[in-house]
Amino acid sequence: MFFYRKFFRKKRKPNTRQTKQANPSSKQTDGQNLNSDLTSNLEKLQMLFQLTPDLIVRRLRIHVTGVEAALVYLDGMTDKSTINNNILTPLMREAHASNDKGDIPFTNVGNVGKGSLWSQVETAILKGDTVLFADGRPEAFLFDTKGWPQRTIEDPQIETSLKGAHQGFLETGTQNIALIRRYIPNRELKIKELSIGKRGATKVWIIYLADVAHPQVLAELESRLSSIDVDSIINTGELVEYIEDNPYSPFPQIILTERPDSTVSQILQGRFSVVVDGSPSVLIAPATFISFFQSIDDYSTRWLIASFIRLLRFLAFAIALLLPAIYISFISFNYEVLPIQLLLSVAESRTLVPFPPLLEAMLMEITLEMMRESGIRLPAPVGQTVGIVGGIIIGQTAVQAGIVSNIMVIVVASTAIASFIIPNYDMGTALRLLRFPMMVIAFMFGIVGIVIGMMILIAHLVCLESMGTPYASPLAPFRWADMKDTFVRLPIWKLVNRPKNTRAVQSRRAGDNRRNGDMQ
Amino acid sequence: MKQWKLCCTMLILAAFLTNCSDRLNVEDVTFSLLIGIDLDEEDNLLFSISSPVFSKEAKKKEEDLEVRTNTTRKSREEFDRSVVALTMGGKVQAVLLGKRLLQHKGWFQLLDPLYRDNKNTVLPIVALVNGKVSDIIRYSPQDKPRLPIYLAELLRTAHMRNITVNTTIQLLHRQMFEKGMTPSISDLRKDGNLKVMGTALLKEDGRYALTLDPVENKLFSILNPRRGGEFPFTVTIPSQSDESFFKHDKLSFTATDISTKTKVNYEQNNFRFDINVKMRINLSERLFAFNVEKEAKKLEKEIEQQLEAQFVQLIDKIQAAKIDPVGFGLYARAKQYRQWKGVQDRWGEAFSKADVNVKVKVRVMSMGATK
Amino acid sequence: MKKYALNEITFMQFIFLIHGIQVGTGIMSLPKDLAEKSGTDGWMSLIIGWFINIIASYVMIQIFKRFPNDTLYDLLNRLFGKWLSLFISIPVTLYFICAVWLILIRAMLYIKAWFLPQTPDYIVVFLFTIPTFMLARNGLRIMGRYCELVFYLTAWMPFILLLVLGDSHWIHLLPLFKEGMMPVVKGLESTIYSIAGLEITMIVYPFLKNKQSAMLGIVIANSITILAYIYVTIICFAFFSPDEITGYNQPLLSLLKVIEFRFLERFDMIFLAIYLFIVSTSWIPYMFFAAFSVSQLMRKQDHTPYVAVLLVLIIAIVFVIHPSWNQADMWSKRVSIYNIGITFVLPLLLWVYIQFYVRVHKGELH
């Protein structure tokens, strides 16, 4: 069983799967300087960007000095009106567009830089900047003219909320940062920029409160992010797989969210969030098991109701995980446990079914999973029909045909409803998956099997860590102070301290805002 | 990775190859809901069961079976030869014992598998059947639910009005083994339909001693420390007797908040039990004219006398049979341990010589809606 | 200097670790064992047991106070040298292995008797070994977390017993001291198997974060355990007649059989199945200590392989000898005696030795 450990403990050394297949063009351009001759520069450029029809090279003559120049940018990645109005117009028409001292030309663009290396020029063009080559200068000017097709801010799709903000993250990293910063206009909100991927060079930002978050977690997160060796990161989900503690666990160890408001609330608690450019979901670490059961709505509804809903979620978790397994064990091992009336009706409905209980349960559960999956892929209007087909036709007729017992249908249906209550999608899917081994072990060993299954699950949860934080906290290690916001949510003004499991350095939140007594 | 796969296959193989035998799907089980033990005319042991049938094609709701064997466990084997599926004792609702069986010592040992096998339940109610057990097991009333459920419900609700005791298999075990008390079980008869006769009291060795009718059973239940349910009484008040055709000297009431205090003394080589019964009563029926407002004390006094007289009768009856179904022996052990130790193995006899005094204290709480 | 700092456990974890180890399968038959020896006064033996345990742990703490960074094995190495220490450390290691073996066997027998009579015993043990391996290969800190979590998850279980109070007869408990003091003292013998577990203090001590409160932790853990035992014993004594209780092998489970709800009957089955969690907090830490001890004997840092080896060995032995209830009872008697040696005699001897040792090696300590 030695290999067991090898399997479950991920080795955190730089990824060996992606061996050093360095980018061919970067090899050519690394460390090469620009030429001062415009024509040779443009030739070199043409050579670098072969088969790039969207590369626009606009040759021009600067108004006063008459210097030959060329403006280079990628069509579609840039904002055309900025280029036309704020770069071309000043350069070609206005007298003071450039001076001879070689400083940055007078254009009406906010972010202007200089680059003398080919690699800089290349990245800038690929990122959507506009590059100005001028004859006789061994350097180029880089204008920030990024502008690509974007969607407008919409309601988050997966994590809908009743009372939370109706703004979801977008595909543009900088905008996402803006969405976050709007909630915390504070100097201590620090953003660390990293870039991941040899080809994609995806920009990644770690956002945290410098005086609250634990530096050790930051160091851990940073080292994990920087040790990723990959072509490109397209989605936050990919990134998560590279940095999570135990990739073989079914449980999500890092929260993925598309809600700026919940991201901010997590940052305020002392966690770290990572924004990935190009992905509308933001990663939050360290996460605990309990944090997947908290939703932003909990904090905007009345605390009694929020607590009730929290408890409901944990109940739903138990039902979704165990109900089919318990049903199987009760009808094939431990029927003594059922009261006689119930037992008689269960037995009566079972007599018609030709399959063993496990097969019966699997049949229904898999049908359910397929319906759920097809519901996601289908366009919304068609998705409704799946519900009707699944609910009425399969459920009703399967019972009538004697393929499943009607109690099984009830069990599966309640399981499905229960698993929808889990606010976090990743935790919900983990649950869907875990149900199957539970059913199998219940079928083999009855109620003992379920207990052993739970024991394995708890053992796994206890061993799991997220960025060095115990995953099962605040249950194991038990933290009484964190219980205020675990199974129940006490009134907000009672939650004075930040949760311990974030390892926040500054544990006290803002002071006691509760008015005492009968004061106006 | 290779090793992991090996591990996986090993695990699955190990699990799948070897286990299967404990699984028994619910549809493959015949639940014996009633167990009957009786003696036939030639004194052969007769075991019978009643179990539900689930098939839609079957006309009857139950299948009943009767076999002649020596032990309970062997009877299961016999049942398995003819019932639809495998017999299981885990859901027994009631155990019926024939009166003929209870004429002999040692029948209790027959119940051994009910205690020994962990799959079996210890909560079925035990009842003595005045008559043949098979008559009851064969009985399938048209206007009632399944017989086992009907029977269990009947005995349970009868206990709620204190018509009979509620002795489960578990309790019977305790009563049989406890030296300081003798068993008491429900008494059941079938003439036409099922009828609960009251409580059958057994001797220390399990033989049948006597039956208490529902009225006596209420008094008996009052003495019992674990009492529950309702205690409706009807007593005759002698001072109100009149000559009318309908006897108008009756008074009915429901007793609540009953408490008993038992004192044990040892005097002149005999135990002496002083039992103080306190109860509060609510009148529910009064056939004679009486000013309860003013003369409550008088009424209380008379009720007390009536009840005390009934208690004396009950205790005389019990002592004559040399049994102790109430468990006075427990008090004797707790309070007079030395004396108890000497007589613990023949407690029935010692108790029959004991001096038992019951004092009743009644308080009228309400007279109802009318004067 | 502090080589165990990485696996430091908190005060609460220390309490629940000891408590978890103490409460195992013993509680099921404890009321019967006590009733056999000392009648209805048996619960008083537990109080004496509590007191003796406190004394033993006091001695242990006194020893390890002087060597706060030593486990028992480090201490033995220090006192007796590398090879001579084996004379003590090997029996201690064997004790831990026997303890794991015994608890696993008893748990397996319970599960087989109540749930899976037809399933081969080694399969049942194999089932137990999966979570055992997952946990015991980690450090002590994980043990602590697991014990803590299981304690909270199962803290509701004692309250279930209150449901039988309506059927209990407190009069059974009277008179106190029926036959005098002697039976109460005799009953002590049957409690040893159930209250064993303090010996792990000798290994856990250096892992403790807060060493000043070690004694307090032991007292609390011990008190929780003994209270649970007294609670169960008294309820069983009140429920069963003193004449019948000795007829049950596991009075606690027979008592639970009586509990039923409208929606759930046979609560003993549910209870026993969930009780497996509590038993697991006994065998899993023992397994950790056994593997840890073996790794100390082998002078290796990593104990993971030994967990695997021991578990495979246990399954193999079960496969070969198929233990029975009678054997298990016999073994538990022997392990009880063994436990007296480890928990009471060994610390006392060590303490005496250390008094001399300290005088001789005055300046050399620390």
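Per-chain numbering from 1; labels A, B and C assigned in written order.
The rule is simple: a residue touches a chain if its C-beta (ideal position, glycine included) is under 8 Å from a C-beta of that chain, and two chains touch if they have at least 3 such contacts.
Computed from a predicted model, the values in this text were never measured in an experiment.
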Pair of chains joined by more contacts [C-beta pairs], A-C or A-B
A-C
Closest chain to the overall C-alpha centroid, by per-chain C-alpha centroid: which is it?
C
Counting only Cα atoms for the centres, state how far subunit B is from subunit C in Å.
42
Quick one: report the Å distance separating subunit A from subunit B, using the average Cα coordinate of each chain.
65
Mind checking the centre-to-centre distance between subunit A and subunit C? Centres are C-alpha means, answer in whole Å.
45
Return the residues of subunit A touching two or more other chains; collapse runs of consecutive numbers into ranges.
1, 4, 333, 336, 340, 445-446
Using the touch definition from the top, which residues of subunit C touch two or more other chains?
115-116, 119, 260, 265-266
Where in subunit B do residues touch two or more other chains at once?
15, 19, 22, 90, 121
Any idea which subunit B residues touch subunit C in the complex?
14-15, 18-19, 21-22, 90, 118, 121-123, 168, 170, 173-174, 176-180, 225-226, 327, 330-331, 333-335, 337
In the complex with subunit C, residue positions of subunit A that touch it:
1-2, 4-5, 333-334, 336-340, 342, 445-452, 454-456, 458-460, 462-463, 470, 472, 475-478
Interface residues, subunit C side, partner subunit A - complex:
10, 12-13, 111, 115-116, 119, 124, 127-128, 130-131, 133-135, 137-138, 142, 144-146, 148-150, 152-153, 260, 262-266, 269-270, 273-274, 276-277, 280, 304-305, 308, 311-312
Where on subunit B is subunit A touching in the complex?
1, 3-4, 7, 15-16, 19, 22-27, 29, 31, 33, 52, 54-56, 88, 90-91, 93, 119, 121, 146, 149
Which of the residues in subunit A end up touching subunit B in this complex?
1, 3-4, 6-7, 331-333, 335-336, 340-341, 343-344, 346-348, 350-353, 356-357, 443-446
